[in-house]
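The block underneath contains the structure these notes are about, expressed in structure tokens.
In this document, chain identifiers A, B and C correspond to the written order of the chains, with residue numbering beginning at 1 in each.
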Amino acid sequence: MTSLIIRAKELLENKTVQVVIGYEAGPTGVARPAFITDPAKAESLIYDERCVQNLAVYLTKREVKNIGKMAIVATLPVMRSIMMLISEQQLFADNIVVLGISADGKLLDIADNKVMQGYIEKSDLSNPEKYKGLLTEFNKLSPEEKFLYWQKELSKCIKCYACRQACPMCYCTRCTVEVNQPQWIPVKANTHGNMEWHILRAMHLAGRCISCGECGRACPVGIPCHLLTMHLTDQVYNYFKVYAGTSEKMSSVLSTYEPNDKESFII
Amino acid sequence: METTRKLIRKQSLEKLYNILSTTRKVYAPVIASDKQVEYKYNPAFTDVTFDHIRSTLSVKNVVFPKVENLFYYTNKQTESTITDIDLNKIQDVVLWGAHPCDNAAFDTLRSIFCWDITDEFFAKRLEKLVVIGFSCHLSDEYCFCTSVGLTPNSTKGSDILLSRLKNGDYHAEILTEKGNAIVSISPELFESVTNEEAEITSVKQKFNHEQVTAKLATAFENPFWVANSLRCIGCGACAYVCPTCACFDIQDEASGKEGKRYRSWDSCGFGLFTLHTSGHNPRNVQSQRWRQRIMHKFSYMPERNNSLGCVGCGRCSSGCPVDMNIAEQLEALQNI
Amino acid sequence: MSDSIYKPYLMEIEQIVEETPDVRTYRLKFKNAEEAEKFSFKAGQFGEYSVLGEGESTFCVASSPTRQGYIECTFRKAGRVTNALANLELGDTVGFRGPYGNTFPIEEWEGKNLLYIAGGIALPPMRCVIWNTIDLRNKYKDITIVYGARSVSDLVYKHELKEWEDRPDIKLITTVDPGGQTPDWKGEIGFVPMVLEKAAPSSENTVAILCGPPVMIKFTMPVLKKLGFKDKDIYTTLENRMKCGFGKCGRCNVGKVFVCKDGPVFSYEQILTLPEEY
């Protein structure tokens, strides 16, 4: 994608940024994150249908931040992640250049956060089409069937925490599962503890998940754990008519009380 | 023991499987509903896959389960009692269908668990294990057994190694006494060997592991580690799918006055792995943890355990969500 | 069948000393006489101490092998296990696995001067070897102990410090960080490296044993070098996180070394060959 390469090169050459976070092709042809610091290497940047990872996860990683000011190749989920990170004070808008990519793969001119906000607001923020069918199917199941389904799926979990590590919103330096006083979640991977972990993860992301699907994509044993957070995204929208990652001033739905909040969930 | 070579007809293989699976635990690969290749105990022969490249998880859990109880305890007032696990209750298991890389990993694991005092949990499970391995007639771009001193039909770690012939029959190499014992269950299924050639896949050599080990001796401070691990997100997927990763955690689990101590898989890729209670962390950033993973397998283990810590199965790379391709990195390290 | 390598001995708490508001010393006695009979250890070795249901924690045996019939451990309340340990009372049960690791080469040190330098909670890993050499006093020449803590209340083993101070055959220098003194404090005020430099013990025929927080080690090493100590004559202990204690769980791996098997005692000469992951 020539326009992206030219823009990346320019940003590095005029020292606007020290690193461009984008995608490159690995030796097996898989697209993977690239961290370009040398303008001469901007040529290796790619953008095509293989580039699906949510790169925003790197914006809070210490060794990446240490390089300096960052530019990031940002599809809609990345832009929404950036908004969330700014609203949760994990990122300063001034420290980042957004190389926006439109749904049809074109480089966008995202001059500042207002422009980005405008772009996000115009976009469809509901869960991605490819998951909607599954979510609908899933909602048809009875509570018992749902429980059995997740029990079977989560028994496969090996607690590698790829779902957490791949998620831009899971930036805590010490995750609840790493706290042992008290031990909220058992260290070992057994069905019961695995369920506790995935419910906890989903609940911590309710109202914060921007529906990128990274957690499910990262899972090495193929657990569709993104369905849990996406389901909650639907629920939050149904109750509060809000999607996460739409503005840098947004406060988290589930940790904010509004007098007119629906309370129909209180039994 | 001297290796003996036999022939098993296609139909005899099914008979052998059925005899074994009706008399003991047989752990064999199947393709699950979500297309993942997983090992199950005693699946029907028709469900067993013979055409998989690699299972999602390795088979190390037959000797090193993801959770293993170490003992049970009871606390009463000031008196406590500890009850050992009865290792004699560990059952015989036939591992069926695992590939040469996975089977070679049992030797690697032994070099970790038994290099000094014997870890009796591991040793007992290994003693009770009979490995009927299958050579590889398929491979993909992630395979690199030939770079770590193995081949798609290495016999290391197998008690019997079967290699498929073009007509669907199998050559059987009977390698150990355990293998002989399997043959003697139904000797009529093992016929005289033919000249027909086995279908063995070819796996391109990507690096020379001895040269890599030599390079690593002076590569600790190399900028390579930071430059090549920025994309590592620090999950434990590579370690957990790896057939030779053996690091573990020890934890207690209490239920009122009773409970148990268990060990479970752990990963040097986690920040918590080395974190002191004081907050000091000897491996503070991800590049240091990635370096540890490579150094441990390709530098420390060859020197310390007299064994390379990798069998080239490629799971860590195919399973990595951010394409941390280990063979690619080792190839680059060989040339730094 | 012999006992599992993961099975701890059951010990009873026979004595509790409150060293500081958050540091305790336990004297532990084997519940099983046969186990007590078979047990032996050497200075420098460590163990895995546990509260059944809470987990295990690693610290050295703080008593000297010359004092038989019990072992002692000193720990600071810090994490889950040490907090649980601190909640125990006399007569309660503590699990112990060990002894593990290597030892201070005290036989090699015979006929030499010994200089012990410790900071804060790092006196416990050294207390074992200090008492061991004091109990074999005639085999060693001068014994000097430099011990510092943040404040007077953070000094551990207060009555032993008194005992060492009163003995004519031991030279004890205690110090607290500036601001950490009390009105009646008679020791030094200042950080360990500065106090050591001022005391300037001779490096002639002397072995230095150094234990303390990383920052103390960092600033004490140049002082020792200035005093003429050779790398091979400086010993320290590494305190990497551990789980198994016998070289299998992988946690304390530093370079090709397992701190639990090849350590915890290392000469500075050996430390220099290790990657800085401790």
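One rule holds in what follows: contacts are C-beta pairs under 8 Å (C-beta built on N, C-alpha and C of every residue); 3 or more make two chains touch, one makes a residue touch a chain.
Since this is a predicted model, take the numbers as computed values, not measurements.
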Line, ring, star, complete or other: which describes how these chains touch one another? complete
Of all the chains, which has the CA centre nearest the overall CA centre? B
In terms of C-beta pairs in contact, which of B-C and A-C ranks higher? B-C
Would you identify the chain whose Cα-based centre sits farthest away from the centre of chain A? C
Geometric centre distance via CA averages, chain B-chain A, whole Å: 33
Please compute the C-alpha centroid of chain B, do the same for chain C, then give the distance between them in whole Å. 39
Using Cα averages as centroids, what's the distance between chain A and chain C in whole Å? 47
For chain B, residues contacting two or more additional chains: 249, 251, 253
Quick check on chain C: which residues sit in contact with 2+ other chains? 79
Chain A-facing residues of chain B, complex: 34-36, 56-57, 66-67, 141-142, 226, 229-231, 233-237, 239-241, 249, 251, 253, 262, 264-265, 267, 270, 272, 285-287, 317, 319-323, 325, 328
Considering the complex alone, what residue numbers of chain C touch chain A? 79-80, 83
Under the touch definition given earlier, write down the residues of chain A that touch chain B in their complex. 26-28, 30-35, 53, 57-58, 61-64, 158-162, 164-166, 178, 186-190, 214, 217-218, 220-222
Along chain C, where are the residues that touch chain B in the complex? 1, 3-8, 10, 12, 50, 52-56, 78-79, 82, 91-93, 95, 214, 239-241, 243-244, 246-251, 253-256, 261, 275-278
In their shared complex, chain C is touched by residues of chain A numbered 180-181, 183
